[in-house]
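Look at the two complexes coming up: chain A is in both, with chain B in one and chain C in the other.
Our next item is the complex of A and B:
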């Protein structure tokens, strides 16, 4: 009897999880197709599917195949990368505020890219490289500054928020000093955007997502065990420090490459994990559900940014509007809960 | 499960940074028995437990498990032999009891392996032993302190180790739950031969439930052996700096300590403070 009770509960939780995952997949696919259909010229789903299948459709082949498709794919990849990076930090530090776009890691990438554009006057892949290196360096700096008998979440978050503020002022300073003609390029590194997405960006980001994503997935159970506290995790056979360093590298890698491709799309890293947790319930790893939520957020926000308002806004503006209230809510809730993060 | 594992320390020294916490300690954990470790606050007893369960590397000396140096054994292998329930583990928000207990199966699972019938059986046995089957579907954060502690013990049991270490498993529990937890651990020891080592605050409970009592003072072994030999007025004075009367506990026949403070003692009963 009791075996059945145990199995029944587990099945019930699994059913909810699978239902949520299936719904998310359907929504992502549907939004993806809609993104390819709408624009200055509307193409029916049939044309869109034929272009994806590799057939030549007059007009659609260029507009969908070369303009809309890379944009949509890049959106999905960036959403997945930001979400995985975010949920990893949030899980590891047991705190929704511990997202890389709150604790300064994306700010590191932005500041370095703006510096590269406005001061070093470099362009293209060099900027991306500088951004990736800077994100990793920022993560290391925050880790080292907050390391004292191991890493404690709250300390890391507070130090990260401080670093983020400092980097933001660096960006402001650089922009004030910048030459006018550098501003459009620099703006992309402040507000994430999918404008001008190219296949070469898609290829780079997809390699990063595949490599770091696989690394994270292979560590997903160990990441979940870290939530029990370092001692409990290590008593269960997890090499705590090694696991932590591995998942941090993977998460920062994802964030850095995504930021290099699209700029920091605000709050996707921060929002995806908590939304996914609400949807799938408290069972199993949040990595895959969060990745789907991230992709959906970016696609929907980009659609809204392009077509919902009188003028076109970059995707980061829309996600920023969505994310800011949640941040305020979290801060109020923490404050009520007794002041500690 | 046969409890044939042996564990001892050799000239073990432990430090946090520059501060030495345990100094040159030799002790043997008797196989198949219940050992309790007592000592004043910050005497190094929790640190000792962490080192004996491989959570902390010695600055010198060794912890020896089955004749091999503990810190050279692979983490996951150790976790199949030796389980530890830390003082304040953290339950993820909203997690169901069955899922939390299931996490105890990690050392027995391969990286991408699916949940097996063996895992299910181990979780069920652990819930059964701790009388928490009825709670299996509940969220851990909804439970009372006593229930939660039993669930954590169930997680450690699902790990199916022959040695089980617990760091103050009765802290924050009211007296009936303390007894409940200690009785449960005694059942485990008697029925399965699990070697149990725990740090306890309450001297009288430590003496009652121990087959082997270890008193630690300032990082050194003060006394170890049968509770009747270890819990004496002299030990209490030297380890805790407290005058006391030790008498026979009428319920268990084990020694029992009554503290003598500066007040409330009837004049004729006071042992002179030397």
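Our next item is the complex of A and C:
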């Protein structure tokens, strides 16, 4: 009898998960297509699909193919990358607030990218490279500094916040030194934006998402086991430190490449995991659902930022303003429950 | 027990109360160093000024570039000292009030609160007077820090360092987005804001000093009046009540005093991080835990730290300069990490 009940519950949760995933996929695709359709000129879905299929459509080929398509693809990729990186950290440290945009890893990538642009005057792939190296170095620094008879999650988060504050001031300094004509471009490194997306950025980021994403997905079971605590996980056959280091490298790589391409889009890393957990319920890995939520968040926020207000806002401002109340709610709820803090 | 924080140095808290003559000697020595730092701050700067020009700036009416530069350094030095002293005292009071060694105006969200209030004031209400800035900044600072503290103290264990730091970081992130949302369509405000945002004392004038001084004096007086009460609070709420202290009154008064100090300082100098964090710890090591001595010494060490940081920022990056807020962040963040590592942070 009780086996039946358990089995029924498992089936119900699996159905819910599949339903939520399917809905998310449909929403992402729909938003993606809408993003390609609307703008200064409206193109019907047929034109958009023909451009994607590679046919030449007068007008639409340039507007959709060269302007809107890279922007939308970059948005999806950045959303996926931020979300995967964020949910990995949240799962690993068992704290929804331990996302890379709060504990300073995004700040490391951001500071390095701004330094590369304003001081070294480099562009393109070099910026990505510098950002990735810096983000990894930041993550390593935070890890080493918080290591004292093992790493305690709380100490790591606090030290991350300290590092974030320091890097933030470095970014401020570089921005003050930046020439006025660089300012709009530089603001991107505070807020995150999809403006001026190009195919070369898309290529770089898609390679990174494919490589690191695959690495993360292949470790998703071990990551979930890590949530049970180090002792339980190693009893179940997980090599704890090795898994942790691999997973950290993959997550940091995703965050760094995404930050180098779009700037730190606020709260996507932080929000995607908790939202996904709400949607799919308590079953299975959160990696795929969170990635879908991240892509959807960035697409919707970019659409809203471009067309919903009197002036055009970069996507990071919209996600920031949308994310703020949710963040406060999450803090209040977590503190009330007295749970993971 | 509502307090979950354990200071590693707690066992020798009792004998960290030094005899009064020793404290006075330390304070005097500190004052001497401060005077020296102020002299350095006037003598050294981005522009290299010879001895003769330095003397003539004070003794004659000569109006060369060198003399003007030196004269401009005087209000700047005064402002650095005032702001540093205010932040030091505010930090000491906030740490005593929350019994939290990581309490700092920046971490408690005071600074972003003041920034958001000032920016919305400029953008939506045509705020333009300097006194108006200060009032708005103080209000914003008070609201933001009350908010952060409120969220951080929900749930079990009261306001633990981690909860406070997280709710502060979260609120800062949220406010930063709101600030960008307000600023981005307004390029003119954005341009002036980016200079305010780094925190500096370079734009000091006597007028500015005069405008902010009354606020700083009021805030400092409130804080000093609370120092005995803060000593009782350090024993825990129950014991303080038993000693006849009105705990809530002390809390609110000390909070108002501290927020007035750092709100006004932020309004005039921009956000300057970590001074309020570092200074009280240094002073507790030197002077002990008695707030009646701690607050004056925090004022002095804060003034000293900011003056020296300002001189360093002017000298290392010639012919340009590094704003003092950045110098303090570079010095302060490692110190913050050191304090975190010294804490016995509970495992999750």
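We take it that the second predicted complex is superposed on the first by the 327 of 341 C-alpha atoms of A that agree within 3 Å, B and C clash if a C-alpha of one lies under 4 Å from a C-alpha of the other, contacts with A are read in each partner's own complex, and residues count from 1 in each chain.
The criterion applied here is as follows: contacts are C-beta pairs under 8 Å (C-beta built on N, C-alpha and C of every residue); 3 or more make two chains touch, one makes a residue touch a chain.
The model shown is predicted, which means the values in this text are computed figures rather than measured ones.
On the superposed chain A, the positions of chain B and chain C stay apart, so the two partners fit side by side. After overlaying the two complexes on the shared chain, residue contacts for A:94 are found with chain B and with chain C alike.
In the superposition on chain A, A:314 makes contact with chain C only, while chain B stays out of contact range.
By the document's definition of touching, of the two partners only chain B reaches A:9; chain C does not. In the superposed model, the vertex angle chain B-chain A-chain C (Cα centres) comes to 90 degrees (nearest 10).
In the superposition on chain A, A:154 makes contact with chain C only, not with chain B. When the two structures are aligned on the shared chain, A:49 is found in touch with neither chain B nor chain C.
Of the two partner chains placed by superposition, A:304 touches none, neither chain B nor chain C. The partner of chain A that touches more of its residues, comparing chain B with chain C, is C.
Taking the two complexes aligned on chain A, the least Cα distance separating chain B from chain C is 9 Å. Shared contact residues on chain A (touching chain B in one structure, chain C in the other): 94. Against chain B, in their complex, chain A makes its touches with residues 2-3, 5-7, 9-10, 12-13, 94, 149, 218, 221, 224-225, 227-229, 231-232, 234-239, 281-283. On chain B, the positions that touch chain A within their shared complex are 16, 50, 53-55, 75-76, 78-80, 82-86, 88-96, 98-99, 103-104, 106-107, 109, 111-112, 115, 120, 123-124, 127-128, 133, 136-137, 139, 156, 159. Within the complex formed with chain A, the chain C residues making contact are 102, 106-107, 151-152, 154-157, 160-163, 165-167, 169-171, 173-178, 180-181, 184-185, 190-191, 194-195, 197-198, 273-274, 320, 322-323, 325-326, 329-330, 332-334, 336-337, 340-341, 343, 345-348. Interface residues of chain A facing chain C in the complex, by the touch rule stated above, are 93-95, 97, 101-102, 145-146, 148, 152-155, 157-159, 161-166, 168-170, 172-173, 175-177, 180, 183, 187, 190-191, 266-267, 310-311, 313-314, 316-317, 319-321, 323-325, 327-328, 331-332, 334-338, 340-341.
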